[in-house]
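Below is one structure; the comments refer to it alone.
Note that the chains take the letters A, B, C and D in the order they are written out, and that residue 1 is the start of every chain.
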Amino acid sequence: MKYFRSLAQTPPKGWNSWDCYGASVTEEEVKQNAIYMKDNLNDAGYEYVVVDIQWYEPTANSSMYHAYADLEMDEFSRLIPAANRFPSAANGAGFKPLGDFIHSLGLKFGIHYMRGIPRQAVHNNTSILGSDHTARDIAKPNSICPWNTDMYGVDTSKPGAKDYYRSLIDLFGSWGVDFLKVDDIADSKLYGGHLDEITMLREAIDESRYDIVLSLSPGPASLEHGAFLQKNANMWRLTDDYWDNWHQLYDMFDRCQKWAPFVRKGNWPDCDMLPMGHIGIRSVDGGGSNRTSRFTLAEQRTMMTLWSLFKSPLFFGGEMTDMDSATLNLLKNKTLIEMHRNGENPEQVMRQNDIVIWKSKAKDKTWIAVFNLNDSDKKVQYSLNKLNETTYKKAKDIFNKEYLEAEDIHFAIQKHDVKLIELSN
Amino acid sequence: MKYFRSLAQTPPKGWNSWDCYGASVTEEEVKQNAIYMKDNLNDAGYEYVVVDIQWYEPTANSSMYHAYADLEMDEFSRLIPAANRFPSAANGAGFKPLGDFIHSLGLKFGIHYMRGIPRQAVHNNTSILGSDHTARDIAKPNSICPWNTDMYGVDTSKPGAKDYYRSLIDLFGSWGVDFLKVDDIADSKLYGGHLDEITMLREAIDESRYDIVLSLSPGPASLEHGAFLQKNANMWRLTDDYWDNWHQLYDMFDRCQKWAPFVRKGNWPDCDMLPMGHIGIRSVDGGGSNRTSRFTLAEQRTMMTLWSLFKSPLFFGGEMTDMDSATLNLLKNKTLIEMHRNGENPEQVMRQNDIVIWKSKAKDKTWIAVFNLNDSDKKVQYSLNKLNETTYKKAKDIFNKEYLEAEDIHFAIQKHDVKLIELSN
Amino acid sequence: MKYFRSLAQTPPKGWNSWDCYGASVTEEEVKQNAIYMKDNLNDAGYEYVVVDIQWYEPTANSSMYHAYADLEMDEFSRLIPAANRFPSAANGAGFKPLGDFIHSLGLKFGIHYMRGIPRQAVHNNTSILGSDHTARDIAKPNSICPWNTDMYGVDTSKPGAKDYYRSLIDLFGSWGVDFLKVDDIADSKLYGGHLDEITMLREAIDESRYDIVLSLSPGPASLEHGAFLQKNANMWRLTDDYWDNWHQLYDMFDRCQKWAPFVRKGNWPDCDMLPMGHIGIRSVDGGGSNRTSRFTLAEQRTMMTLWSLFKSPLFFGGEMTDMDSATLNLLKNKTLIEMHRNGENPEQVMRQNDIVIWKSKAKDKTWIAVFNLNDSDKKVQYSLNKLNETTYKKAKDIFNKEYLEAEDIHFAIQKHDVKLIELSN
Amino acid sequence: MKYFRSLAQTPPKGWNSWDCYGASVTEEEVKQNAIYMKDNLNDAGYEYVVVDIQWYEPTANSSMYHAYADLEMDEFSRLIPAANRFPSAANGAGFKPLGDFIHSLGLKFGIHYMRGIPRQAVHNNTSILGSDHTARDIAKPNSICPWNTDMYGVDTSKPGAKDYYRSLIDLFGSWGVDFLKVDDIADSKLYGGHLDEITMLREAIDESRYDIVLSLSPGPASLEHGAFLQKNANMWRLTDDYWDNWHQLYDMFDRCQKWAPFVRKGNWPDCDMLPMGHIGIRSVDGGGSNRTSRFTLAEQRTMMTLWSLFKSPLFFGGEMTDMDSATLNLLKNKTLIEMHRNGENPEQVMRQNDIVIWKSKAKDKTWIAVFNLNDSDKKVQYSLNKLNETTYKKAKDIFNKEYLEAEDIHFAIQKHDVKLIELSN
């Protein structure tokens, strides 16, 4: 077993099915995106292919859950892929064939799971692998998710509880799962964060023979739990689901400012997926429908710059096979990739009215991002010396590919856009 | 149909099975208490015999619920009495035979029900009487009770919801139910008060051909909902479950003080059952077990005086057939009964340190209750003139049966006891 | 001394200087309004003439306070009228001459005072009448008003504190004050309600030889304090300052609904002054300026009907000498006056979407007010039988002066307007 | 000007007058402590000598403030040392002579100041150096400290506000102040943190020609402000005033756990002074009086280990000239000093029941502190491998000066004590 933080020494990057397909993605769709990633984005460091929520729900057809739907489940109270949506999972194969396929491309495989044990297991009182206890014994009465009816929470003080979580990790490990996104757990809306179940998940993974990156949802996680989360997870969400609305992007700046002290190797506060490109194909949340991202190109630059500088995980949310070149270029921008990988101590250094300046440092350079969050174009004048302990000779405007005066920021920024400056000698 | 407030022009009085038997009372036990009430307390105005929670749970054996237990239910998603506990209910008779028996004694019959629709109805997706919709259609996803797993809440905006509540009232009415105590509704702990379901219950009763007093639990109800509750229910609880602990009785004074303005004919803020006599026979809540009430006689006087003056409903919680004469005498005390029935505008008029004075007025008399809530005996001196707009000639100490000076209170009160003074001319 | 509730057996009615003049009213302006009231409104029951805040501030010129301004004060730490604004107060006469004038018209005199003791008294450490203690001894360190710098609060546990409040009441009584509006006390925004100082004020008035109606500001008072306020004051505010904005009037319905149970003889939850007619002359609060009330005539009918039915105190806020006839007619409407005086148990009986129905009963009649709070005209159909225990033969539309069907409400109401129906036999 | 974080690259260490003398320390007492520090503790890195609150209050005689007392102030609304307590400050010399004396010992000089501008300046409307505006112009009406009456807050949006804060820093700088502890600012209890005034202080120091470490009080600072505080101050408090009560020490573990992610060079979350040795000489807070610290030796070890590992600033609170050798040895413990100076990423790695394990790493060693917070002695067994990414050969028990097995922790710890283990190769 590796020490859990060593599994994510840089922030994970990849693709997630939610923004396109809600709860309803199919095997074919997952595969076509994996192939696209292999061919176009793996060089840029994107490697995780993640199947989001309810792959065990045969009738799922959008992001709207069917309350109390009958789920695919094995004899040990564990949900398994719906074979009508994932044909290779038939006959008890589970996600092993899909995992193998993704690994064959040199990529990594991720899945989503809900905290707890299926309600249908509890009402039918089914078995737990490796325990004489049953689903009713370990379910925590009335520990529910407020937005989904699949599960009851698990009472970690009960005998059998740890066996259940161990049996889940063993199953996922046997499928080749490299990345596990657990939901209804970082913030539960009804009960706060479920720290007990997070701790038990951490132990179940640590004690297994599998290397699995642990991602916790949804947010907003509480700053009060920040140090706890650093001890137990590789990434956790700062917000509830994030969509392509300017007000949510605007709001993310404040959250990143507060969470920046928690960014360290192996611990990545998570700004959520990037709703870029072709999204909403069957996902109807966030006021959207089948569409190209409602973000302007300036807003996408702003988002990619903030996520990269802050070192958030980067999971593309669009259907990748429909990607346009502007989007692809942004995902592959060399400076963003370098800053995302090598930057240290990201920090908001100034916020006045709607001009926000962030800074990140690597060994021999410093990046300064000047954001205009206002709804009008703005002129900005600012002394770079105020922002730095050291001085630099060169200042390059990354998106415009031109060199600036190295001492003073003095330029115009259009509304919702960003100037990213790389300082070096 | 009578106007709902007219059904409870004075605060209801009776017996409830919870304090003795928790969720597990049997038909035999109900009957023996009904007979005792008929013989000993009906003259004093006690008339309701109430079967509390989970009469539909065959394995119930204390006040501790069995999580996810299988419940007795009819084909229309309605819970019915467990015939192993209520033999007369066998073969679909329901509570009709028991109701008939209670009515035959000249008494009134009450039952408890949980807000919502049984989870087993939802997971099995059973029918609703008078509707094409089914249990899954009207259940409100994730509207649960935090302390009991029997039900999901009902989404009152859904077609079929009103039919379900109507079908409940029709069933209860057909059984002869005169009094309905609905639980997990006045305060839900997770979600606040369920105002929508309260409103729908009110309408279902008003539109039925039955006269049913409506009682709402548990508390603490919110003062913010006080006027709403006056419009919709005959009584509602001020606290969570009340037991024979001094600190709970102490605390009730503050609650009564705040709720006194809401006392009016047909609307009775409810201090909960009287845990007197032989209680805890199978109920293990409140830190108790099979016992005689832990309240001292002084504390019982204090409780009975506060409840009576404040005009709370009076439901005896003990096994009545085991009643001792001191308890019986307190329940039948003529002044308490008169004050409970005829007093108006109950009001706390003074609180200093732990001496608390309440006042209630009838046509030609005024009652003054001086409580010593301190843990030591206290001397009290106070001018009665400060408490009254009018003056009286006679002042009678009710419990000591002696006359006092009519102008100044000037006596000792032992700890936790009360002086009840009746002023008249 | 009279029992305090007997001083306001019906809700007080009159005029207050704030809506016109903010903190800056002059003696001349007070007198001209008093004369107008005598001539035009006294017959309709209006009788109090109230000088609002900062009559002791020589430089006050609007509703914006001058922070840390020097105030007129006597040697005993009591604020006295600024003689440049109230010439008759010169040479230590105080408000006695103005009080005498108002009494000579057959009217009653009211003034405003801030909770506490002047900061300048504390920093200069001046005397307290009847005590060896000084201002610094009784000031409560850091008990301040968040919106005005005149005073520190008084620590009621300190010797000298009661002497100070007694000395205030004696001074006001000697001036002929009949009505005292104390501010920064019912809700303090920083500290909640100042119950200690309210209690001390109550005692100081009760123990004095003066009959003074006690009014507490600002709101929103807390429902948690409702019963306490009933014991200590004649009226208290439900809101922060109320102005001629529809959203504030809209919002008042919800507040009245919650406070209705607290309406009883001598206790009048207060909806605040009526910003009708010519207002904002020097008061610049509420987004306003010198203007005729921004309320439409329909909105004024709605406001007057709600205030009257709910039995709120009625204090006209406009400059009365500029009154137009529509406004005057509304203030003198005989049905509103009768309902305000004789109605009992005001209660909201229905609210659906934006149609709100209130009811009030007198001995032989019932009033039903149907409000359309929606921004569009609406048709309303409703069975009067649902609202009443009794039935009536006659139903009169008060504002349209026509008779309706006595069984069903069935009419259109324009947006923000009200139908007031009087039911009788 | 140096970059502010560079002024405190390791956590500051020194002495503060509050725990001994409250608000009343004298020049003689400050000097004797400075001399003791020079002779006994400077080698161990202790260097700051800090005069705490109200050195400008001539009558201060304990930790109880005299409400509204008259303060020593210069013509520019700035408080100056009370010459009766600091004789060298007479004739306008201010703290320059005392600063010089401390510097002559090779030590650094610190003072305390309250946020804002003196109330007596505002009520007397005195001048501001470098501005035409006066005290009344910049005071923020009703921005007060809830526990002290000296000041009003400053409205940073007002012209003159920056001039005032600049004039303060210039005065302090001219006195030789190296360390400024500003109070009523990190958490104000009434208003939350005063971020505006913190920002203005930061700017005033940055723009001055003085190097002054900035310390903010009192706590608890909010985690929500953690990143902001990192941008603006060198240290800030985690708690309200800390005293020698076990429950406060117990509680500090939880706070340190939450704040550990904020520890970085130049930013030191502050556990407050060390109430060790002879304290409470004239300070009567924390339930204490003139005494030797109520902490046992085990508790003092626990405190010193936590503070040092967590890298809190270390300010001794006792009268140093009365120091016993056990206390002195603890302050000079070489391992604690090294860990405090060189440890990185302090982190709580385990907490179960009352056994708490912390870890800190330097280049070639790791420290593990195992705390027993229980009220009984405990045996602890734990695998060191679970705590470390790397393995070590040697494990030394620092306080017992013996070597342990390097793989498993397996020992007894008495109640409230700590085992500190240094791992190396």
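Remarks
Here is the rule we use: contacts are C-beta pairs under 8 Å (C-beta built on N, C-alpha and C of every residue); 3 or more make two chains touch, one makes a residue touch a chain.
Given the structure is predicted, the values throughout are model-derived calculations rather than measurements.
With centres defined as mean CA coordinates, subunit D is found 56 Å away from subunit B. For the pair subunit A and subunit D, the distance between C-alpha centroids works out to 39 Å.
Centre-to-centre separation of subunit C and subunit D, using mean CA positions: 51 Å.
For subunit D, the set of residues touching two or more other chains is empty. If each chain is drawn as a node and touching chains are joined, the picture is one closed loop, every chain linked to exactly two others. Under the touch rule stated earlier, the contacting chain pairs are A-B, A-D, B-C, C-D.
Those residues of subunit A whose C-beta lies close enough to touch subunit D in the complex are 3, 6, 223-224, 226-228, 230-231, 257-262, 264, 345, 347-349, 389.
Against subunit D, the residues of subunit C that register as touching in their complex are 65, 67-68, 119-120, 122-123, 125, 136, 139, 141-142, 144-149, 190.
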